[in-house]
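One chain, chain A, links the two complexes that follow: it is found with chain B in the first and with chain C in the second.
Up next is the complex of A and B:
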């Protein structure tokens, strides 16, 4: 009995630094932002309580809804493409094809390159006169197609999706590849004996057994993409003409260009609520399958 | 290790760290991009300062980007750290309004070098009679053009907006691989705003009237329309390639020094490109400097940039901080930094030095320094975004310049009402 209590105490003591750090880094700022969202806090004045005014202002702002839609579309497109391509890459890696061994060691390179460097790299690629893409287009006789791709209303958003996919797809591939390695081979052998086709094996063995790794990468990337700021801020700044504006860049602008901390906090809290609803819904969905 | 021992060790570490930081608190802290950002004079600047200062100054000179300096300064200024901060003029207006920087009038009165400073530059750092900073460099945006192209095609340097459009279109049409002109038009790109103002300030030397209790817009719809029309003509006539819509400063600075444009409106900083490679150095050497073409209804005027050095209002050591400000704005320091950066000094004694007076580039800019107009002392973030938004709407054909000017004027009025 006494030993149990001692062990419990030890357990709590071991957890204490993590809980303190968690409270300091996550819980305190969240509570602070929540309280601030009901005030008119800004760089220029002391905060005073204004009730739901910030929330009403945010929800009545059409620019907020445009940014919300862009964020939503970005998440759907980027996460779907990343998952599909990541899965394809993981299946290829799992085939142990000759000559592709080096891919396993280099595949994570895009993921470890800092986002800022990725954006600078893409920006240089698409610059109007001396960007590589435009130079290639000119040299193959397609000079009429050259443009500053980040400055084109029709291409800026797809290019941002491509940047997300380029960077994150390897993370999906490696995670799913690790999941594939843990599926017992005899599942497939039994399916072969039953005469199952490759598609049947994929849908009835591979996919169900990748449920948990899939859940982890999808939840993580939905959250990261929904909150993602740097890709857009550094590449297009939300333009041209607001065509790539997302919630994260709008919150940044409100907080750091306009210094309206109360207003920005309300936007942040709304974003957090959306993400919480998604996370709870998705995790329950996966659990209900069990 | 037992829990008891771990706790004792943690406490000991805590005390050591506390003591370390409390002793470090005696040092002055200076945040200055000349000491941190990547530029050709970085090492020389740091060495010069550290070898010559008599003050105890931390060798951590803060973030290298103005944006990061501004954010961090706003967050932590009330802790008293940093004691002295460098920035851009627009940030100074924001800090002053937020009460984060100290008026320097009392120090200025007794400052032995005060007569060396140009009046128009000091006016730029003065709000309601209070001096909030000492400037260490200044520049104006002017028209840079490729002399060899103008000679080869028998072109005259444009002096008004119509000639600018005409000449730039001619070059785009007739010179292989070269655009006549370039504007920066990326969303939230501060350079886009500064270029707009370089033309607008010819029509009106102010955009907001801050003299009364409430801020009012002084810009008229016609004036805004006139400038937006210029953007429209530049892109629609082919003077600026449509490929360059939404491009940022890189496409302009590197574009010009790569030989992609014949004319640009920039400040003297582009001089530093000559150190990157020979081809860029050749372009710089082939560059002519002229006043920005003037609107037929306007008078010479251009955006004036001033780099201020400010004192944190919450510093524990105002006197020492002032001494530090004097050190990083004194004659020798400004001569070193400004000559290396190829920018103008706000000090007359520095500009009279042979290193500055014999430099054709600096003299080219210095000749038009008096046409520089400082921005009105307000927080510019919202007007800036509204203006860039209007530029984008014009060049992406979201409406006519007249409609967009009307909308911009309304937006500026709404912003003014809340300033």
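Up next is the complex of A and C:
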């Protein structure tokens, strides 16, 4: 550890660009958004202070609560499906099966490509007559089920959940797989001697030993899903008839379609408060390990 | 250990289903991008009376194929993502070095706020950032977009590189000090070479988040001159006659750079990403 006074000054100096970047791009905007949330700032008028009016308006708006519920349901469905399928994939990767090297190599690809490209890909997949899904349905005699899945009030939301699962499940798989490899083999050997079943081994050895990586991926993705804007905005835009509207798309539209910056900021601050609870939980997890 | 044949078959079925779930959308897109429009819209899977062709790719590169100024978007994306990566990694190396090797007041508080900042709602921050860039006259400029992309990559990048720096034994620093190297030279000559994998992973991550960003560019870019690929892809849907041949080809092109980079650096990236989650 470099530890004299002169060197410490250097330590602060080389941290300066980092501090500056965070100050300008995170802290200043956050403070400004907080202040703005108490004003009627918009493209049409100079901002003047209006107290809690924006917050009262937001909390009394049923559309806000609908979007809030959608966000909540999306997070719960997407994250739990991702975890279950990711765990299944991780367990399979840990088995002695052929072709695994190749699978490990390809499954991360959904995670590295732009969300906008993913949306085009899925749109092309579910197109009314010529998308793969509808073509398959027609060919197996289920032609009456064909539809434009993104345009259907009942199916747009599940389809968005599927896109989230498609993108993030491999990340869970790889992380949990790394965790699996770090569990000592003799735990399982001891369990075998005791005649434990595969289920017992999973619930009493595997799952408890994966507690830490599991919590980390879950909390990270709860936040990511909460924050994600482009999946929904680019695929359905919140429709049809508001059935996929979430907080992120509602805030974006309030700010950039209606230019009500103050109103949008109040919604954003409320969203931030909810995310903050998860974040604090996450920090405690990360720090508790030091 | 012997497993029953039926369990083994079940495992293979599960593995193949999950892998197909990931791969089918890619395969269908890739295949479609080489089919003629009439084959794409024949409702048949394998019928290609006029064969497969690369016409859509030609169209996209020559005239944009009804997709706007595709080459321009591609160039913008490459430029913005590359500069963002260089800036993010440079800042991160210094920041991580400071946090890893110096005793600073408020260090823990800073690390915690850094972790927290990764979780602020971007849709909220983009509102005041727009105001800030407006007053700096940076709306609709590369600099303005890069400015916002820095923050997408920076928190994770510092966190990751700091982890690698922490793993470099302090004895190496001390040996360098005894040889008369200052902190800066120690960083460049001793620590960086050992922590190179961390730099690679952080670079890839920064490039990827900048390449994929839609939100910030959609607000800050106001003209063709600064639009990036994700915006371009989304614009195609706006046109009344959707040119699916060109869009599919354009989408394939938009995913190739990150997939190429990923496949070259795959081993390091997977290790770098998972070690953070497993070790903390």
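The rule we apply is simple: the second predicted complex is superposed on the first by the 261 of 290 C-alpha atoms of A that agree within 3 Å, B and C clash if a C-alpha of one lies under 4 Å from a C-alpha of the other, contacts with A are read in each partner's own complex, and residues count from 1 in each chain.
Throughout what follows, contacts are C-beta pairs under 8 Å (C-beta built on N, C-alpha and C of every residue); 3 or more make two chains touch, one makes a residue touch a chain.
Just so you know, these numbers come straight off a predicted model, no measurement behind them.
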(message) With the two structures overlaid on chain A, would chain B and chain C clash, or do they fit side by side?
(response) clash
(request) Please work out whether A:44 is in contact with chain B alone, chain C alone, both, or neither, and reply first, second, both or neither. (result) first
(message) Quick check for you: in the superposed arrangement, does A:265 touch first (chain B), second (chain C), both or neither?
(response) second
(message) Going by the contact rule set out at the top, does A:183 touch chain B (first), chain C (second), both, or neither?
(response) neither
(message) Per the contact definition in the header, classify A:156: touching chain B only (first), chain C only (second), both, or neither.
(response) first
(request) Determine, for the superposed model, which of the two partners chain B and chain C contacts more residues of chain A. (result) C
(message) For A:137 in the superposed arrangement: first (chain B), second (chain C), both or neither?
(response) neither
(request) With the two complexes superposed on chain A, say which partner A:18 touches: chain B (first), chain C (second), both, or neither. (result) second
(message) Applying the document's definition of touch, where does A:218 land relative to chain B and chain C: first, second, both, or neither?
(response) neither
(request) Give one of first, second, both or neither to describe whether A:148 is in contact with chain B, with chain C, with both, or with none. (result) first
(request) Applying the touch criterion given at the start, work out whether A:196 contacts chain B, chain C, both or neither, answering first, second, both or neither. (result) neither
(request) Pick out the stretch of chain B that clashes with chain C after the overlay, from 9-17, 45-53 or 63-71. (result) 63-71
(request) Take the contacts of chain A with chain B and those with chain C, and give the residues found in both. (result) 10, 123, 127, 129-130, 256
(request) Going by the contact rule at the top, pick out the chain B residues touching chain A in the complex. (result) 3, 71, 74, 94, 97-98, 177, 185-189, 241-247, 250-251, 254-255, 258, 260, 379, 381-382, 385, 389, 392-393, 396, 398
(message) For the complex, give me every residue of chain C touching chain A.
(response) 11-12, 14-15, 18-19, 21-26, 28-29, 32, 40-41, 43-45, 90-92, 94-95, 97-99, 101-104, 110, 112-117, 119-129, 131-132, 147-148, 150-151, 154, 158, 170, 173, 177, 183-184, 208, 211-212, 214-215, 218-219, 229-231, 233-234, 236-237, 244, 247-248, 251, 254-255, 258-259, 261-263, 266, 269-270, 273-275, 277-280
(message) Help me check something: in the complex, which residues belonging to chain A touch chain B?
(response) 10, 13, 43-44, 123, 127-130, 134, 146-148, 150-153, 156, 236-242, 253, 256-259
(request) Using the touch definition up top, name the residues of chain A that touch chain C in the complex. (result) 1-3, 7-8, 10-12, 14-15, 17-19, 21-22, 24-30, 32-33, 36, 85, 88-89, 92, 95, 97, 99-100, 103-110, 112-125, 127, 129-130, 132, 135, 138, 166, 169-171, 174-175, 177-179, 182, 212-213, 216-217, 220, 223, 226-227, 229-230, 233-234, 247-248, 251-252, 255-256, 261, 264-265, 268-269, 271-272, 275-276, 278-279, 282-283, 285-287, 289-290
